[in-house]
Amino acid sequence: MPVNPISRFPVPRLEALPADLRARIEEVQQKAGFVPNVFLALAHRPAEWRAFFAYHDALMEKEGGLSKAEREMIVVATSAANRCQYCVVAHGALVRIRSKNPLLADQVAVNYLKADLSARQKAMLDFALKVALEAATVSEADFAALRAQGFSDEDIWDIGAIAAFFALSNRLANLAAIRPNDEFYLMGRVPKAK
Amino acid sequence: MPVNPISRFPVPRLEALPADLRARIEEVQQKAGFVPNVFLALAHRPAEWRAFFAYHDALMEKEGGLSKAEREMIVVATSAANRCQYCVVAHGALVRIRSKNPLLADQVAVNYLKADLSARQKAMLDFALKVALEAATVSEADFAALRAQGFSDEDIWDIGAIAAFFALSNRLANLAAIRPNDEFYLMGRVPKAK
Amino acid sequence: MPVNPISRFPVPRLEALPADLRARIEEVQQKAGFVPNVFLALAHRPAEWRAFFAYHDALMEKEGGLSKAEREMIVVATSAANRCQYCVVAHGALVRIRSKNPLLADQVAVNYLKADLSARQKAMLDFALKVALEAATVSEADFAALRAQGFSDEDIWDIGAIAAFFALSNRLANLAAIRPNDEFYLMGRVPKAK
Amino acid sequence: MPVNPISRFPVPRLEALPADLRARIEEVQQKAGFVPNVFLALAHRPAEWRAFFAYHDALMEKEGGLSKAEREMIVVATSAANRCQYCVVAHGALVRIRSKNPLLADQVAVNYLKADLSARQKAMLDFALKVALEAATVSEADFAALRAQGFSDEDIWDIGAIAAFFALSNRLANLAAIRPNDEFYLMGRVPKAK
Amino acid sequence: MPVNPISRFPVPRLEALPADLRARIEEVQQKAGFVPNVFLALAHRPAEWRAFFAYHDALMEKEGGLSKAEREMIVVATSAANRCQYCVVAHGALVRIRSKNPLLADQVAVNYLKADLSARQKAMLDFALKVALEAATVSEADFAALRAQGFSDEDIWDIGAIAAFFALSNRLANLAAIRPNDEFYLMGRVPKAK
Amino acid sequence: MPVNPISRFPVPRLEALPADLRARIEEVQQKAGFVPNVFLALAHRPAEWRAFFAYHDALMEKEGGLSKAEREMIVVATSAANRCQYCVVAHGALVRIRSKNPLLADQVAVNYLKADLSARQKAMLDFALKVALEAATVSEADFAALRAQGFSDEDIWDIGAIAAFFALSNRLANLAAIRPNDEFYLMGRVPKAK
């Protein structure tokens, strides 16, 4: 069976990259044991790469009312709606690891309404999908539904902004047909494997 | 985190089932090591159960121009379009086992257009999704495209009929919210695990 | 003007069919005065034929909280949404005959919301169409709305399962372009004609 | 079973109407044997009524490259897409009468792609539905496809303008929930009945 | 850059038109300072032209519960949903002039939910868009929501009928690709320009 | 008539902002004569603000095969599809200014297919909208169509990345309901006004 390449566009060699990109990529490689393909595929454009990961980290690494597992659930649910292979597979691994639940990522990717989630988490994903798919109709009633589940306005910004950022990310990955690394598929599924 | 039940409807105990259902279920259990929940959830209605599995076997266990792995790919691609958690998870395991490729099921579930597939297999899934989502517009041009890839008219019936049967199956599973067994998620991912 | 054939696939002659298929078909012919084309078009695949009609009868011929006319309304409403010519025309005849109302089938086919139906029947069709078109979003709220109209959980299974079975049936008929028999169009429209 | 009223809005008595409306309505009644409900339901607004029927007649009663039966097919196909009960039932009767084919209206209403039509007539309905459902994307390529079937530019205007006029008509009938007269359902189905 | 013509169809010269069309067009020219292209493009068919403008005036020039600015808002909101360049640009000018608000037309065209409108006006546009886009589902609940905002049943007819009339108008303009006059773009934007 | 606020979320005062944000904002204010609201509304989150504008500038201020006017056309066309009031109004001003064409922005916002554009520019917008609305289906055929119009692969990345970035931007603006400044509406419409 054929195996697709990493990207439709040229993928720079690590050694050819600006020092700051290389440093960050080597750090990730150290931690994960491999270089996730998105780091290489987007490096085709260093200025865009820097903005992309700065934005990503500002949203995904911060503290706040949403746990890191919940932030990753937003990514998986909205990326599945956008049919983005890279993001569903890569962030599915992060959902499994951060939630310590090997089933949750696949459940959320197919149909979060039937996943093992709390009512609060389903409300979070209802809103994330509304921002992802029909942001023009977001209304005060949506904010009220989230506040009723205990979310603060800062949390609502986070939910919406993560959905918005991955609207960008999913489109880039689909544009370039970025291939998820083989390593992601098994991460977080086998307890001791980590 | 909450764990959803097997079905929204009553699930009969194995011992309470008619003998023929019990025999088949025990056979499956023997082979798989567990009873897939769909066998129990549909047993609520024995006459429908018998027709359902007779139909399933007539389409999925037969010989012909499509390999068993390809038949399961049709199931995963159309069930993902219908957002059917049970079918994507359970038949995803079968895609992995039958194709001996641990990555393919997740790729097909998210976006078969970007999966590691041949042009022939993509044409097969193009047609399966057309039957699943807009069968009213199936036309002679669709048949011509499949014949150009080497499919016979019997193969075309198979592709269309599998997509049609899982249109039924996906709706039943979503109606009853049938939960995929935990065992499916890891099947076919770890080489030696089988 | 051109006249379309019965099926895109080969249609077996009655004499060439397995005895059980022939027996059932001759029985139908006896009763209806003609052989509905679906019996011949699907006979191309005897094993699938047997499962198909066994499933059909299990859902459509049983007793329960839904009248036979109501079961046929579900077929017409969902088949119209799927633009299935065979099912709308053939089961439209059955709606007219079983409801003894010559107008109802056409009303339901075009827009059941404006048909001469009770609130209970409209709720039944609301749910049938949800299962037909977006089963992934069926929720507890839908079950509650049906229970409020007096439907039992067994009735709800019936409504959903009929919609699911005709999701299959509509796709097969559209795949093979099965032609409705000319006889169906007038059945149940003229009081004495029967 | 309940029977819906003629309109959601007040329906004037014939005697209360302006003389020109009454004259036209009595003429129709003479010819058809009954007053089609749309004549009464829209009479609530005499100025709009006059413009509506003037427009209707300018498009539907003229000579040209399209036969009267073909004009009515456009009405049925687009009105079915808009789920307009009044127009599908009333103009379905006209399709049957003008084409002298008792099957065609129901075929076109459910799925014109599978109706007993010529390639030229299907191209006509392809364009009519494009105007009805996504006129913003009409392009030179659509004009070329119609010219290739022998349609003149005047014919193309007719096809498009009929689809456009019934976009208005369907919305009015759905707004007011105008009920089709019982008489329409059987018209043109029984050879001698006329 | 290329400049598109006024219409895909022949545009008659003013002198070649029937006297009544010419009189009306000259009157408009007097008042506006130019001839809006729709008057010329539709004159290709004088009988249709007469009905079109009679209908238009019956709906748009009448007195009633809706102000003239509000009638024009309905046109802009529904024409934007139908992506009709002529109607959005030409009636956008009328919204600006009649509301004496230079911002409102652009706001309504992009997303009326976020325009500077009252709750009553948003309810009016909610209903207009429902008639424009899914009239088949208009229900008693929609009427109740409008009555709760103080609209009479005559107002509801007006809202629905304007949306329905511009469903026709938008399709004609998209069929013929009628070009908005350059003059419209600036009208009502600069206080003293008038 | 009501006037909507600048954002649903708190808008920081300029003096309260980090020095780098303040410097950039004052620079923009100097140049434009006012502070575009998006600079203030997003300043609620300085780290996200920095990444957002770095990304924006990397895509919109660079040299390459697309003119600056063409980059802004992509923004207007995709933002209109996403119904983002802020982006259509603000970047519409930039289209007018950079193309020196006072009509083009409104044409592109309503229906770029009927705007005064070259075939090359329409192909560019076809692709931009595909990335904006259904990026999962981007295929080699789309790349071939763009190359046939003379676009390089770097240009294709630019088109796709701008569409992707404004997928993010539109969702943020719709999430926060960011109000376009009144100044934008008239910019580039009156020749000498600049």
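We call the chains A, B, C, D, E and F, going by the order they appear; numbering starts again at 1 in every chain.
In the analysis below, contacts are C-beta pairs under 8 Å (C-beta built on N, C-alpha and C of every residue); 3 or more make two chains touch, one makes a residue touch a chain.
Note that this is a predicted model, so its numbers are computed, not measured.
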Shared interface partners, meaning chains that touch subunit B and subunit F: A, D
Labels of chains that are neighbours to subunit B and to subunit C: A, D
Furthest chain, CA centroid comparison against subunit A: D
Copy pair subunit A, subunit F: interface residue numbering same or different (half cut): same
Repeated interface matching B-C, over half of the contact pairs identical, chosen among B-F, D-F or A-F: A-F
Whole-Å gap between the CA centroids of subunit B and subunit E: 51
Chain centre separation (subunit A, subunit E; CA means) in Å: 44
Approximate Å spacing (C-alpha centroids) for the pair subunit D, subunit E: 24
Residues within subunit D bordering two or more other chains: 83-84, 111, 136, 174, 177
Parts of subunit F lying in touch with subunit B, wherever the complex brings them together: 136-137, 139
Complex contacts: residues of subunit E adjacent to subunit F: 1-4, 80, 83-85, 88-89, 92, 99, 101-104, 106-107, 109-111, 114-118, 174, 177, 179, 182, 185-186, 189-190
Subunit E - residues contacting subunit D, complex: 8-9, 44-45, 47-48, 50-52, 54-55, 58-59, 82-84, 131-132, 135-136, 138, 143, 153, 157, 160-161, 163-165, 167-172, 174-177
Subunit F-touching residues of subunit B, taken from the complex the two chains share: 111, 113
